[in-house]
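Two complexes follow with subunit A in common, the first pairing it with subunit B and the second with subunit C.
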Partner chain A sequence: MNVEYINPFISSTVKALTTMCSLKPERGRPYLRSASTPTKSDISGTIGVAGEATGSVTVNFPQEVAIKMVENMLGIQVDEINEDVKDAVGEIANMVAGGAKGELAEKGYGFKIALPVVCVGKSHYTAYPKDVPCVVIPFTLPEGEFTVEIALKINGK
Partner chain B sequence: MKVIVIDDSSTMRRIIKNTLNRLGFNDIIEAEHGLDALTKLDGVDLIFTDWNMPEMDGLTFVKSVRGSNSYKNIPIIMVTTEAAKDDIVEAIKSGVNNYVVKPFTPEILKSKIDSVLSTL
Partner chain C sequence: MNVEYINPFISSTVKALTTMCSLKPERGRPYLRSASTPTKSDISGTIGVAGEATGSVTVNFPQEVAIKMVENMLGIQVDEINEDVKDAVGEIANMVAGGAKGELAEKGYGFKIALPVVCVGKSHYTAYPKDVPCVVIPFTLPEGEFTVEIALKINGK
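Moving on, here comes the complex of A and B:
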């Protein structure tokens, strides 16, 4: 596993949640996702990327974590996944991919990012092309566990 | 001072608006993208714009403003996730006065506003 392109996503995730949501996620050990054990979540935000790195970056949240995040971000009370939660998850995905983009550009992996796509559904998962490896970074908060999935091909490898 | 906050994310518009309110700005309007904002610039004194937006992105919007006779002198602060050095250079070349990378703290936003206003 090439940590050179994984580490920027770890730091951008921690920075996004710490700065915007006053939450301090503990990160677990990254692993390669297998097709038979997809990462399930209640709401996810995906950003497509294209350039020297091509593929997508997805943040996956259980409902409890997504709600806590938005409550802290906006200072409001939230009872369910509503428009505010969907919008905020898209923006967090944006910050995770955009933040890593800056670091990766300095390492020579330049790419452009697309607008976020948010999916909602109990225990849904994202399917990726078979030839693209997907690295999962797990994070833990008191409200539950969430993951960031990096499904990228670097320099056509 | 009238301020416009342009971002396709309602969450981000609300966060920027809340921060501006705390800093004493009360006359704040919103737009969802550059095209929407171009119709709302009358009387605006300060612009906050995102980069990646549908319809018209922030960079195209900045170029339109700088090319307009009526609005070309309005200071613009770009607030974006685009954190690569080349992106920042491109934005400044297009006419942005200052640049805030998301995620940001209220202190960072304040320092950028102070920096822009001190040059007026």
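Moving on, here comes the complex of A and C:
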């Protein structure tokens, strides 16, 4: 598996969190996810991508991390997953996929991006088609961990 | 809001359930979803679409309906949301979006489709960006109800 397309997503994730929420996530070591070890989260944001690379990019947050992000963004106290939190998670998914797009087009993995779909539910998880490898990038913040999942099929490669 | 793009999704949903699961869903009246009345489900399948129409198509199932579909497909008893159920929900999302694609291209709503993302979690729900209208199409089967959500932005229209 060629994972040269992973780095642009790491940069765009760090940039999204820094720019939007003044938080500097530390990244862990990316790994290939197996179907039996899904990443559980309380709120996730997914962007579909289609083109030379086709699949999806998902950001997965525990509730407390998502809330902290929005508190930092808006400078107010947030007690639960409200509209602001959902909007922020969708926007972060958008920035992660959109930010990586230009760099990936230069490497020959051009794609168009869809609009974010935010999924809310205590300990939910995502699953992908069997033939689509999913790389998980773990990130750490003082408030907890979150992950970015990149499930892409590179057409013709 | 122009909803002439809804009918192809209704036909493709009925066709997907009939072909794959020998089930004939009866459709209810489509409605515009507001952020405050999300559709809760136990397993959902989302396909991102990008092009002249950009956004997503999501199929939402209660556990018992998803299980019944797979029992019909495979002719075996299924007790929980297992790999077969996740695969089936992803494939149905794919057939719903892919089946509508050709007809929509003729109407000027051409798009590419991403790969399915299946979300599993008791009573989870999806949310979309504020400026993206979401049309919900309810369907009924003897085993229960399910919905198809179409959250699309038509570029330049």
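Everything below uses one rule, namely that the second predicted complex is superposed on the first by the 153 of 157 C-alpha atoms of A that agree within 3 Å, B and C clash if a C-alpha of one lies under 4 Å from a C-alpha of the other, contacts with A are read in each partner's own complex, and residues count from 1 in each chain.
To be clear about the criterion, contacts are C-beta pairs under 8 Å (C-beta built on N, C-alpha and C of every residue); 3 or more make two chains touch, one makes a residue touch a chain.
Everything numeric here is computed off the predicted structure, so don't read it as measured data.
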| item | value |
| --- | --- |
| Partner chain(s) touched by A:S123 [first = subunit B, second = subunit C, both, neither] | second |
| Which of subunit B and subunit C A:L74 touches, first, second, both or neither | first |
| Touching partner for A:T46 - first (subunit B), second (subunit C), both, neither | second |
| Partner chain(s) touched by A:G90 [first = subunit B, second = subunit C, both, neither] | both |
| Partner chain(s) touched by A:V135 [first = subunit B, second = subunit C, both, neither] | neither |
| Touched partner set for A:L115, first subunit B, second subunit C, both or neither | both |
| Which superposed partner A:E106 touches (first subunit B, second subunit C, both, neither) | first |
| Partner chain in contact with A:I10 - subunit B first, subunit C second, else both or neither | neither |
| Set intersection of subunit A contacts, subunit C complex versus subunit B complex | 83, 87, 90, 113-115 |
| Residues of subunit C defined as touching subunit A within the complex | 35, 38, 44, 46-51, 54-56, 58, 83, 86-87, 90, 111-130, 132, 151, 153 |
| Parts of subunit B lying in touch with subunit A, wherever the complex brings them together | 8-12, 14-15, 18, 52-54, 80-87, 101-105 |
| Residue ranges of subunit A touching subunit B (in the complex, touch as defined) | 15-16, 18-20, 70, 73-75, 83-84, 87-88, 90-91, 94-95, 97-99, 101-103, 105-106, 110, 113-115 |
